[in-house]
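Below you'll find the structure, written out as structure tokens, and then a few comments.
In order of appearance the chains are A, B, C and D, and numbering begins at 1 in each one.
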Amino acid sequence: MTTFIGISLQAVLLTLLPPLLLGIINKTKAGFVGRRGPPVLQVYYDLLRLVKKNVVISSTTTWVFLAAPLVSVASVVLAGLMVPLGPTAAPIHFKGDLIMFAYLLALGRFFTTLAALDTGSSFEGMGAARELTFACFSEPALFLALLVLVKLSGALSLSAMLLPASHVRIGSTASAALVLIAVSLFVVLLAETSRIPVDDPNTHLELTMIHEVMVLDNSGPLLGAQIYASSVKLLILAAFLLHVVLPLKPALVGRDWGLMLVGLVAVAGIIGAVESLMARLQMRFVPTLLVAACLFSGFGFLLIL
Amino acid sequence: MDVLALILVCPVATVLAGLIPSNRWRPWILPAAAVVHLSLVAIVLLSGGMGAKVKPGPTTHEGFIGTALVTPPHAGTPSVTKVVPGDSGGIVLSDWLGLDPPGRVVLLLVSMLFVACAFYTVGYLRDLRDHLNRVFCVCFLAFLGAMTLVICTNNLGLMWVAMEATTLSSAPLIYFKHTQTSIEATWKYLLLCSVGIALALLGSFFVAYAAILHGLTPSLKLADLLRQAPEMDKRWLEAGFVLLLVGYGTKMGLAPMHSWLPDAHGESPSPVSAMFSGALISTAFLMVMRSQHILYVAGDGAYASRLLILLGLLSMAFAAMFMVGQKDLKRMLAYSSVEHMGILALGLGIGGIALLGAMLHVLTNGFTKGALFLSVGNIDRAYGSKTIPEVRGALRRLPLSGMLFLLGFLAITGSPPFGPFISELIILYGTLMAGHFLIAAIFLALLLVIFIGMGRTVLAATQGSVPASGRRSRFRDGLLSGLPVLACLLIVLMLGLYIPPPVWGLLHHATNYLEVKP
Amino acid sequence: MNLLILIMTAIGLICSGVPGLFYHRRSATGQHVAMAINVVASAVGMAAVLFHDIPRVAAEGWHPVCSLPIGKLALSLDDMSAWFLLPIFFISALGSVYGLGYWPQRKHPVDGRKLRLFWGLMSGAMVLVVLAANSVWFLIAWEIMALSGYFLLTTEDGRPEVRQSGWVYFIATHLATLCLIVFFVMLRIYSGSFHLWPRALVGLPVGVLTALFLLGLIGFGFKAGLVPLHVWLPAGHANAPSHVSALFSGVMLNMGIYGIMRLVVMTGNPPLWWGVVLISVGMLSAFSAITWAMAQRDFKRLLAYSSIENIGIITTGLGLAVLGLSVDQPIWVALGLGGALLHTLNHSLFKPLLFMGAGGMIHSAKTRDMESLGGLAARMPAVFCVMLLGSAAIAALPPLNGFVSEMLIYLGFFQTLHGSAAATWAAWVVPALALVGAVALMTFVKLTATCFVGQPRSAAAAGAHDPAATMLWPMILLAAACVLVGAFPVLLVGLLDHAIAAWVPSHRSIPLVSIINFWWLTALALPLMICAAGIAWWIHRCRRSVPETIIGTWDCGYAAPSGRMQYTGSSLMQTMAVIFRRILWRHEQPPEVHGIFPRPADYACNTPDPLLDRVAEPVLKKVGQILESARILQSGSAQLYMVYILLILLILLMTR
Amino acid sequence: MLMILNAILVLVILINLFALGTSRMKALIHAAAFQGVLLGFLPPLVVKDVGTLPLLMAVMTIVLKGIVIPNMLLKALRDAQVKREVEPLIGFMPSILLGAVATAVALALAGHLAPAHSPLGLLVIPTSISMLCTGFLLLTTRVKAVTQVIGFLLLENGIFVFGLLLLSAIPYLVELGVLLDLFVGIFVISIIIHHINRAFASQDTRRLSSLKG
């Protein structure tokens, strides 16, 4: 029963919550610069408007350009179904789903970058190049984090390794390791969802962008799909991160759901804060940052080895 | 008696060749004589009850040689069947004629190879019809006769006489083309081989003298020498062996006495080169084997082995040096002969299984060399040249000869499934088994260098497109020019996949004979 | 029974090219005959492998009457050989069909017959290599395979670069054979028999065992193309006809892997360090090769390097299995070996697919240079679809076959965290694999993007078109196979488990099904495929009703962009190329720009193979010069030669 | 008996030194011929019972080595119109010295090379060794074809002298064969020399070095 509730709750959260996080981020940023800013639900309105609009397609593109946004949505949602958003196990969990998770994200990346290059514009090309390059460094960081979690939990499924990870005794070396990988996971999150300091989602200088410039030629529902997909990605990575840091207790399901929701909002807030307080790194320093993330989770792994 | 007949075939044929007036039909005496010779050889070998001692057969799981390979790495040479040298080892006809087991192997090779070369020669001489060929035919037959005598006699002195006779009878063959380079080659061949052979004579004298010193009745009969060897004077015996080794080694083409070989092989007509590197130097190797046998029986085998291994590796090294970047196909093949003589010496020096390998290698190398030289002969005739920049795309110009040349190259460099692969495998096996790991390593390294050097040239010659420039000749692959090559290569292939029990008996018998201490 | 069938099929394959020799060089009959024989033989062979019961352990095979000088022509078949047989038959048959369109006798009267002859010879020889149960027999089949490979590679021996690459292959393969000869001879000396494959040698000295392992590893490693023994591979694959490259990297490399797999279980329980060596060599190959692949411009070279990368991954998995054997962790064995075997099969599905696709591009665009292609997706849509699928598969994206095998290997290395404490370090392979995977993704985005999407960069590319059906259908079949294996791995797991069990029969093996529930992969693949179908339908609808406006790409105010101004593959790689410059070691001539109004300057950059072009060739040249300088010894003066004789005489007399 | 033998041997050695020293080829050939004749007398001196066969051998040796072969060489010399060996690779004085040194060494070693019981070897072995050295010196240091042939001749003579030690051992058939080989050999060589003259218009064997490598 509880599992059923959990699963359905999870499905609902996964589909509806993501745009809210974007809204919160924007609100926080507005707050930092002392503006009222757009309403929290603004992103939902935008998505609705985009879906109603019709599409403008570049003459050079092929069907890949149309398919990419939908593929990325599908892949990211499937990936999301494997990450427990709450204290209960995710809808899909089986031995080895952690690898499926990583490679579903890769699938999305494959198509997005391909579509970007499909337009033949150099800006989109640059975006794709950066996306791919940075992924080469964030993947190892992610897998090192996974190593730590597997070592701690002894399980090979996200649900089975994330849930116990969250009630490690504070102060043990394990907890230290968790803190380290939490830091690196946060960096990975920033990179994967292309936020400052890796990327600046709302600059308007194409030369400096990554994700935004890749979707430069998308419009209407396609653009909406891309935005939605990235927000879902943000949600699941945030949830991933939260499981590492939050001390959940499987006993008190209700409390934990609350805790998770608060946590998600908090992560969004932190991201917003980071975006308003930090400047974007120079492109050539981004790999360094990601390598640092790798080192963090590497040390974490060494701690518990 | 039939050995006597064998000896007599060639003089008769020689005289006939001298008498036949027609320049057109004279060459046909060669195949005729060759076939008679071969049949007599067959009779001799079969009547000798060869291989009667060993009953090999495909029944064993490991095959013929597999049974001979002994399993534990530390057990030395294989169990040998007791052979009293001279007597049951060969058929003693008189004081002069006799055929020892190693001789049988070489005899088989010489006779079969001559058949191939004879048929090839008919076609070869037909192409230069205006060129008078009396001297050629006479000398070619005399050459065969001399080699047969070397193999079939059992007197060290007579062997020497016959060996010198091979030099003299083959000199005019090298000079056949009457070019400046062929004169030069002939001159060097005569001078160096005569001097070398002279040393061998001195060596034979030394061996006999070694007997005198210890009051034995001196004799040059192989059987007597083998019987007396244990009591002979070691110093003179060893000195004699060194002289014999250097002397017959010169004829055999062991480095550094090999220097006549590339010139002679390169300049003489292809069938002659084929006989040289297939038969002649194998005969010289037979002499080296006999000399080593004497020393082995005298209980001084280790010393002989040391020298043989040294010279063997030296020859391979020399060959490797000169084969890298060699532009002249025939010289390259000549150096390959030097290399393989080195391998033979190595096998003989290692002894045991390696000796068996060496005996097999005599056959495989001989036939492969025959095929290679004859096919290069065809290429030479087609392009009017035997050097690389002129010769290109032989596979297109001469599909059959080009392919056979390429396959022959693969065979001689020891690629499965050809015969040399098996023999070299066995030699390597023996070397490793005897624990000479360093020697094996050098051996393989040299093989690799040689493969690379040779391959570069051969592939450059066979592949690519035919150069537009250069002398056009009407030569095409024909029956007389293609079939002998094909036959040689088929024999080589067969030796790699299946050794007929009689041949296997010959090899095994020869090995046992050389391994035995009376 | 089915062993006999297999021998028949092998003979059939070997002979398939022969009838063609007797037809006129311009008649197309020969190629159809060869294709027919090849396809029938392969079909029979696959049926024999799939639908007959295979003896669980190597049966003492077939006893012909005639026998080698050394040893009997013994053949035997077990589940592992069966596993390796499948791709041989499949690719050989598909390739011969592909050849009808790609290398028709009409267009290639000179070398068409030669190609088909050696095609059959090589396929049959590989079947025999896998079946051989006697080392001399193995060597013979091996050499026939290698040499016919050489002749296939130099099909167009009129072109110097083809001869050059063939020459490198020739040396490499001979080195390999030499190592193997020594290997088998030593095996014979110490195991007392030429019988293959020993699984329980006892009482070998450690030194001998080490020598055997290294010799075998080098010998087979050359064929498999492990770094640094890969030197022959890139140029060879690039210069061979495309379906030949497909056969090479799809099947011939597997023979090397097969040898290594057999070799490491000589003693039944290999020492730990063998696993360590295999894993490090594998990771080295995977990482360096994918980095080199990333930087290539010639798409066939790129594919060749990615073959090395996949071989590296396979070797890594095998290394894990060896670790598992040595510390007795059956689950590592199952995952490692299972992953390795499955990846071998997968690689021989998607790599031939990609090479055939590349052949299609060469066929119509007449170039191997990516930077002059582009926009082929609109012009050759079918090829684009299969190439996209192949790229996704080789980048291990779900729901395709590449993902399944890589998942097994990943999981195996995750497993090293538990169980035995002997090899926890092995877990560090995981992030490395992740890095390799990411770079591979990048590489194949580059391949598909630069060749297919965007606008054509040259007239040739603009005029491209889909190839004939004979070339398309093999690719489509391969693509279907990729999807099938990816979506329904359960179909193969049975065979896989048998093969794992046959590796070391004495060792208790855990069936993969008891470790992983493969149905989950199917369950996840289905929705993906459904939404793919949905997308297709939606796109179709968009295409029909055109509500949305179609305008040019947004050009940031610059109104006349041309195809040449698109983002090229090289620029896509630029950052990575700078980061990994130490590994790439590329030639780069940056333009010198000075003055206020600099004159036109151009930038040139190419990525040769670091080991071959930067190390091996210069060294060999030097050695050659040294050897040639020794020619003075043979100066032509008879007097000097006489002195040699005198000297050696004196020296030998002194040695007493 | 033994005294005559030794006297002849000493004479032979002196001829060697002369052969090394002279530059005039005619003189060289005459020296070789003289040596051949001398050698012809040796076998009857050695064997105990002088039968017909040894005498026949001696006669043949004298005829061949003393008359026939030198004449062939003289003919070769005549149609080549060469008188003297100019610019040898090693000068005449040095080669004499080398020959002398070799002979001295051989004589010095004679003591423990020779057998204890037969007094024969005492001078025979050193002589043959010194002749071998002479032959090799001529072969390696002279450049005219004829001179080299004479070197080969002296080499053979040296072996012949050594053969004296085991006359009983060597069957006459072999002796005959050796002689015959020598004769035919020189015959063929002189033919080749004739062709060399024709082709190269000289007897200088340094011209014969186009085949290298």
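Here is the rule we use: a residue touches a chain if its C-beta (ideal position, glycine included) is under 8 Å from a C-beta of that chain, and two chains touch if they have at least 3 such contacts.
In this text, all values refer to a predicted model and were calculated from it rather than measured experimentally.
S.K.: Could you tell me which chain's Cα centre is nearest to the average position of every protein Cα atom shown?
M.R.: So the chain nearest the centre of the shown protein is C.
S.K.: Return the chain whose centre of C-alpha atoms lies at maximal distance from the corresponding centre of subunit B.
M.R.: Relative to subunit B, the chain whose C-alpha centre sits farthest away is A.
S.K.: Roughly how many whole angstrom separate the Cα centroids of subunit A and subunit B?
M.R.: Averaging C-alpha atoms per chain gives centres 79 Å apart.
S.K.: Taking each chain's centre as the mean position of its Cα atoms, how many Å separate subunit A from subunit D?
M.R.: A distance of 102 Å separates the two centres.
S.K.: Give, as an integer number of Å, the spacing between the C-alpha centres of subunit C and subunit A.
M.R.: 36
S.K.: State, to the nearest whole Å, the distance from the C-alpha centre of subunit B to the C-alpha centre of subunit C.
M.R.: Taking the average C-alpha coordinate of subunit B and of subunit C, the gap between them is 44 Å.
S.K.: List, in ascending order, every residue of subunit D touching at least 2 other chains.
M.R.: Residue numbers touching two or more other chains: 139, 148, 205, 208-211, 213.
S.K.: At which residue positions does subunit C touch at least two other chains?
M.R.: 631, 634, 638, 642
S.K.: Please list all residues of subunit A that touch 2 or more other chains.
M.R.: In subunit A, no residue touches two or more other chains.
S.K.: Go through the chains and record each pair that touches.
M.R.: By the stated definition, chains touch in these pairs: A-C, B-C, B-D, C-D.
S.K.: If we count contacts the way the header does, which residues on subunit C are in touch with subunit A in the complex?
M.R.: That would be residues 374-375, 377-378, 384, 388, 392, 395-398, 403, 406-407, 410-411, 414-415, 417-418, 424, 427, 430-435, 437-439, 441-442, 445, 448-450, 452-455, 515-517, 520-521, 524, 527-528, 531-532, 534-536, 538-539, 542, 547-556, 561, 563, 565-567, 571-576, 579 of subunit C.
S.K.: Mind pulling up the subunit B residues that touch subunit D in the complex?
M.R.: 96, 155, 157-158, 160-161, 164-165, 167-168, 171-172, 175, 178, 180-181, 183-188, 190-191, 194-195, 198, 201-202, 205, 208-209, 211-213, 217-220, 262-263, 266-267, 322, 326, 331
S.K.: Can you check the complex and tell me which residues of subunit C touch subunit D?
M.R.: Going through subunit C, the ones touching subunit D are 631, 634-639, 642-643, 646.
S.K.: Would you tell me which residues of subunit D are touching subunit B in their complex?
M.R.: So the residues of subunit D in touch with subunit B come to 115, 132, 139, 145, 148, 152, 155-156, 158-159, 162-163, 165-166, 168-171, 173-174, 177-178, 180-181, 184-185, 188-189, 192, 195-196, 199-200, 205, 208-211, 213.
S.K.: Under the touch definition given earlier, write down the residues of subunit A that touch subunit C in their complex.
M.R.: Residues 54-64, 66-67, 70-71, 74-75, 78, 92, 94-97, 99-100, 102-104, 106-107, 109-110, 113-114, 117-126, 128-130, 132-133, 135-137, 139-144, 146-147, 150-151, 154, 156, 206, 216-217, 220, 283-284, 287, 294, 298, 301, 305 of subunit A touch subunit C in their complex.
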